[in-house]
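One chain, chain A, appears in both complexes that follow, with chain B as partner in the first and chain C in the second.
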Partner chain A sequence: MHHLLPLLVAVPLLGAGLLVAVGRALPRVAADTVGCAVSAGTAALVIVLLLNSSPPRTEWVGGWTPVDGRSVGIVLVGDGPGLGMAALASLLTLAALTYSWRYFEEPPRRHAGSYPALMLVFQAGMCGFAITGDLFNAFVFFELMSVVAYALTGYRVEEAKAVQGALTFGVVNSLGAYAMLMGIALLYARTGELTMSLIGRGLDAHGGPDALVLASFVLVLTGLLVKAAAVPFHFWLPDAHAVAPTPVCMLLSGVMVELGVYGAWRVYGTVFSGPGGVPAADLERMLVVLGALTAAVGAVMCWYQRHIKRLLAYSTVAHIGLFLIGIGVLTPQADDGIALYILGHAGVKAALFACTGILLDRYGSVDEHVLHGRARRQRAVAVMFVVGGLGLAGLPPFAGALGKSVAEEAAGGPLAVLYVIASAMTAGAVLRVAARVFLGLGPPPPDAGEYETTGSGEEPETRGRLGFVPDTMTAVPALLLAGALAAGVAPGFGETVARAVNEAGSGGAVVPVHWTPYGILLGLVSTAVAVGLAALAVTRPRLLAAPDWALPLRRLQSGHVGDYVAWLLVGATLLGALALPGVLGT
Partner chain B sequence: MSVLPYLVAAWVFLAGCYGLAASRNLIHAVGCLSVCQAATYVLLLAVGYRDDATAPVYSDIEPGSRPVVDPVVQALALTDVVVGATVTALLLALVVQISKRHGTVDPDELSELRG
Partner chain C sequence: MNRRFRLWLVAVGSAGLAALLVAACLELPDFGGAWHPYGDRAVRASLDRHTANTVASVNFDQRAFDTLGEMTILFAAVLGCVVLLRQTRDEHRARPEPADVEPPVRRYALIVLPVALLTGLYVIAHGQLSPGGGFQGGVVAATALHLLYLGADYRALERIRPVGLYEVGDAAAACAYLVLGLAGVLAGTAFLANTLLPYGTFNTLSSGGTVPLLNAAIGMEVACAVVVLLARFLDQAVEIEEESRA
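Let's turn to the complex of A and B:
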């Protein structure tokens, strides 16, 4: 069975090649069908492999197995978390392709195959990154999915904002990837290995951590955290997500950014967690500090957005902060919680983006103020948007709520408060948008000032504005929300995820994952706070308008690529400073 | 082993970063990104270098008769070159579109996305 692992990358790549080769001659329907079929086939294969992933299997591609503990081959790891992320990526790609069924009316130069082909390469890159057990291959797949993501972000090349956002995304992410490659080269210099588990063993054989281990750790983590959009590496994310086509946003926010978090978890657990790596206390300090910063900045910035896609992008930043805290506390229970949280968040966030896409294509705007009261007739979309907002807040029994409550209990104390506040603020912003746009509640809000991105003047992604909303565009968010809900209520699902994560991560420690009264209470509290914030914002707009101290925070998001690069260097230095004490102490 | 190549790699990387941060022209910025990548080539080749060693091609030397440099890092550097070419080409294409849509390639004048 595990011999099929390389197919997860090969099948979508071959499908993309086919679409590029014959796409010019294909009619639109055929190209979209081929794209969906290949994506669905890969998704089915991942799920079959996932169901057979216990115990975890590895596959040395081409039969290049290690000799005397040294390897030159490439290894793929088919364990629960890796295949789980690959399954999430595949299912979301399928959802995005279905959502965009005959979506862009005029493919560039009448090449109907180009969009589904790019989506398939994106799927291949994400699947490859999720299942690789080789650090250099992780870099290659990282770059593969990044490059396709830049191209997809700037897919509408006639749009001024889209090309600017794509370029920022490209420069910052590629710089992060090169930092990661520098780190990989240093690790190879020390151990002579590229397979993650063997690098870890090589580091342990060498003795305690020194400057080289610290430098390589900081460099590798810089690359992964740029992908994960942790503060202060996050600036590219709102700029890219606000301008990318909606189906692409579903993938970027739903799974690509989370792959950065997954990569950090995988690399720390496999390479740096031994005695020759970075001490656990340092990693905890690093990820909890960065995660708390990320959650706070993301939540505050999310609250003050009027561009709905940008608002959802900042909400992703806030949730990434919560994920980082969860993997940073280094307990098996928190890992399980975060795995469930990522699944639940992906469904809810992709559904919210899908609903926003309907607004964009129906009304030609994604601006909260311009759309005030205009979408009253879209009852189905309104219901999905509100349900999505509640899911984001962590209302039981969404899968995200279950994951959040487990992670909260593992993190405990003040960090649990941060979980509640950050999720309540981002969900409150979403509910505020729903109340204004779909119900027309409250007075039209005042303009906050000049230093903001409005969502008006956006071009619909379909040809002209939609007269009616196609069934595919409403069915996809409904299914995604249903999936997020089902993952929370299905008996035994949480236990299964927990067992798969622990088998790969913490050596089979079994911890219970189920609803507790405490978790349900916190979920209800954050939902109530979210609803309260939204109600207050709608009825008393001036009370919660941006205060003066928030302005400098908004000015940091300058849209200038040079500033973002400078912040990347600051962030790398910060990572080094936070990890320094443990290395000095040994 | 000499420390010099490693210092050169770090210096090239930081020089590229400085260029990116201070760039007034997006074409120049994409060039600076390539400079950062050149640092990874220097580092990879420095890692694999051995004194008095030759290229790892066994068509004209006996295996084991002479030390050879590490072929793995050279394969990595080649892959890296391919990745870099893709990224640079794509980013330059985006710069062309930015120049058409915004009428400028100065990052200071791109002000549509902020806040």
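Let's turn to the complex of A and C:
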């Protein structure tokens, strides 16, 4: 069975190759069908492998199984977390391809196959990154998914904004990738290995951590956190999400960014968690500080957006902060919670983007103020948007709420408060949009001045404005929300995820993962706060308008790529400073 | 953000990062040491499989899965270029004008073109024996064709360079690499396993099992990809014009 692991990369790539080779002769419907079929086939394969992933199996590509514990080959790891992320990526790719069935004005002339082919390569890149157990191979797939994501982000080249967003995305993420490569080179120089587990063993054999270990850790983590859009590496994300086509946003926000968090978890757990790596206290300080900062900045910025796609993008930033805190506290329980949280968040966030795409194509705008009361007729979309907002807040029984409550209990104290506030603020912003756009509640909101990005003047992504909404575009968000709900309700799902994560991460610790009264209470509290915030914002717009202290924060998102690069350098230094004490102490 | 603040950020960030890197480099193994754990293993594995060029063995046998990813990055970059550099609604194509070329330039380009093309193909074909291989040879072969642009003009280049065909070639080569990999799975060993073909006589063109085949697939993919990439950029520069200027 585990011989089939490399096929998770090979099958979508083969599909992409075929689509490009014969795409010139194919009508669009045929190209889209092939894309969906290949993506679905890969998703089915991942799920079969996932069901057989206990105990975890490894596969040495090319049959280079180790001799005397040493190998020259590349290892793939078929454990629960890796295959779970691959399954999430595959299912979301399938959802995005289905959503774009009637989407996009027209593919490039005589290249009907190029969009589904790019999506399939994206799927292959994400699957490869999720299942690889080799650090250099992880870098290769990191680059692969980045390259495809830049192209997909800039897909609508007619608009200068799209090109600008894709360029920023490209520059910042490429720098992150170079940092990661440099870190890998340092690790290779020390250990002569590229397999993650063997690098870890090599570091342990060398003795306690020194400057080289610290530098390689900081550099590798810089790359992964740029991908995860942690503060201060996050600036590319809102700029890219605001301009990327909606189906691409579903993938970027739903799973690609989360793969950065997953990568950090995997790399720390396999490479740096031993006595020769980075002490646990340092990792905890690093990720909790960065995560709290990310959650706070994301939540505040999310609240003050009127461009709906940017709003959702900042909500992703805020949730990434919560995920980072969860993996930072280094308990098996928090890991399990975050795994569930990522699944639930992916379904809800992708559904919200899908609903926003409908607004864009139906009304030619994604601006909360311009759309005020204009979407009253879209009852189904309104229901889905509100349900999505509630799911984002952590209303039981969404899977995200279950994961969040488990992570809150593991983090405890002030961090649990941060979980409640950050999720309530992002969900409150979504509910506020829903109340204004779909219900037309409250007075039209005032404009806040020059530092606002409005969402008007956006081109619909379909051929002209849609007169009616195609079934595929409403079915996809409905299914995604149903999936997020089912994952929270299905009996035993939480335990299964927890067992798979612990088997891979913490040596099979048994942790109870189920609804507790405390967790349900916190979920209800954050939902109530979200609803209250939204109600207050709609009825008394002046009361919660952007205060002066938020202005400098908004000015930081300048759109100037040089600023973002400067912040990247500062972020890498900050990571080094946060991890320094433990390395000096040994 | 004003200039001064940005410069401060860059100064603080680069100083911190530089300090970290310098401290790390002081801990690196000394230059010229005898300890090469991976190199020793890679050379042994390469000799075991009769591949004279160890780098080719690492690329197309030991770590062939990395090469698959790298090839796909190029493939995706080409696909991205095709999408991003497409002719948009507000652009139209103008036929390129014939251009005059100085006779010495023309003579030199036309003499060097076949030599460069042959060199590229040689570098691809001998990838498993001597330095070089599919990536390098592919770039040489693809750029050789563009000497025609220097020696004659854009229309002459377009005649020998049907971009559509090269796009198909690019995809077909990528598929060939994948199919060679899948053959291993079908044969019951592993993906990209080099166990299907005899390893042959050391230091001959047919040695190394599947290494020459994978190397050839990469050569074709890279050559086609570079041709398509250059074609897309040249199209933008030479042929495609904005409507307003027309």
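Quick notes
The definition used in the following text is that the second predicted complex is superposed on the first by the 585 of 586 C-alpha atoms of A that agree within 3 Å, B and C clash if a C-alpha of one lies under 4 Å from a C-alpha of the other, contacts with A are read in each partner's own complex, and residues count from 1 in each chain.
The criterion applied here is as follows: a contact is a pair of C-beta atoms (placed from the backbone, for glycine too) under 8 Å apart; a residue touches a chain by one contact, two chains touch by 3 or more.
What you are looking at is a predicted structure, and each value in this text was computed from that prediction instead of being measured.
Look at A:S456: by the touch rule set out above, it reaches neither chain B nor chain C. Of the two partner chains placed around the shared chain by superposition, neither chain B nor chain C is touched by A:T539. Once chain A of one complex is fitted onto chain A of the other, the partner contacts of A:V147 extend to both chain B and chain C. Once the two complexes are laid over each other on the shared chain, residue contacts for A:W60 go to chain C alone; chain B is not touched.
Legend: residue contacts after superposition of the two complexes on their common chain; A:E158 is shown touching both chain B and chain C. Once chain A of one complex is fitted onto chain A of the other, the partner contacts of A:L214 are limited to chain C, with no touch recorded for chain B.
Between chain B and chain C, the partner in contact with more residues of chain A is C. In the superposed model, A:A242 lies in contact with chain B only, and not with chain C.
Contacts of chain A with chain B, set against its contacts with chain C after fitting on chain A, overlap at residues 72, 136, 140, 143, 147, 150-151, 154, 157-158, 163, 166, 182, 186, 188-189, 194, 555, 558, 560, 562-563, 565-566, 568-569. On chain A, the positions that touch chain C within their shared complex are 3-7, 9-10, 13-14, 16-18, 20-21, 24, 59-64, 70-74, 108-111, 114-115, 117-118, 121, 124-125, 128, 136-137, 140-141, 143-144, 147-148, 150-152, 154-155, 157-158, 163, 166, 182, 186, 188-194, 210-212, 214-216, 218, 555-556, 558, 560, 562-563, 565-574, 576-577. Partner chain A is touched in their complex by these residues of chain B: 9, 13, 17, 20-23, 26, 29-30, 33, 36-37, 39-40, 43-44, 47, 72-73, 76, 79-80, 83, 86-87, 90-91, 94-95, 97-98, 101-102, 107-108, 110-115. Contact residues of chain A toward chain B in the complex are 72, 136, 140, 143, 147, 150-151, 154, 157-161, 163-168, 170-171, 174-175, 178-179, 181-182, 185-186, 188-189, 194, 238-239, 242-243, 304, 451-453, 554-555, 557-563, 565-566, 568-569.
Across the interface of their complex, chain A is touched by residues 1, 6, 9-10, 12-17, 20-21, 23-24, 26-29, 35-38, 41-42, 45, 58, 61-66, 68-70, 72-73, 75-77, 79-90, 164, 167-168, 170-172, 174-175, 178-179, 181-182, 184-185, 189-195 of chain C.
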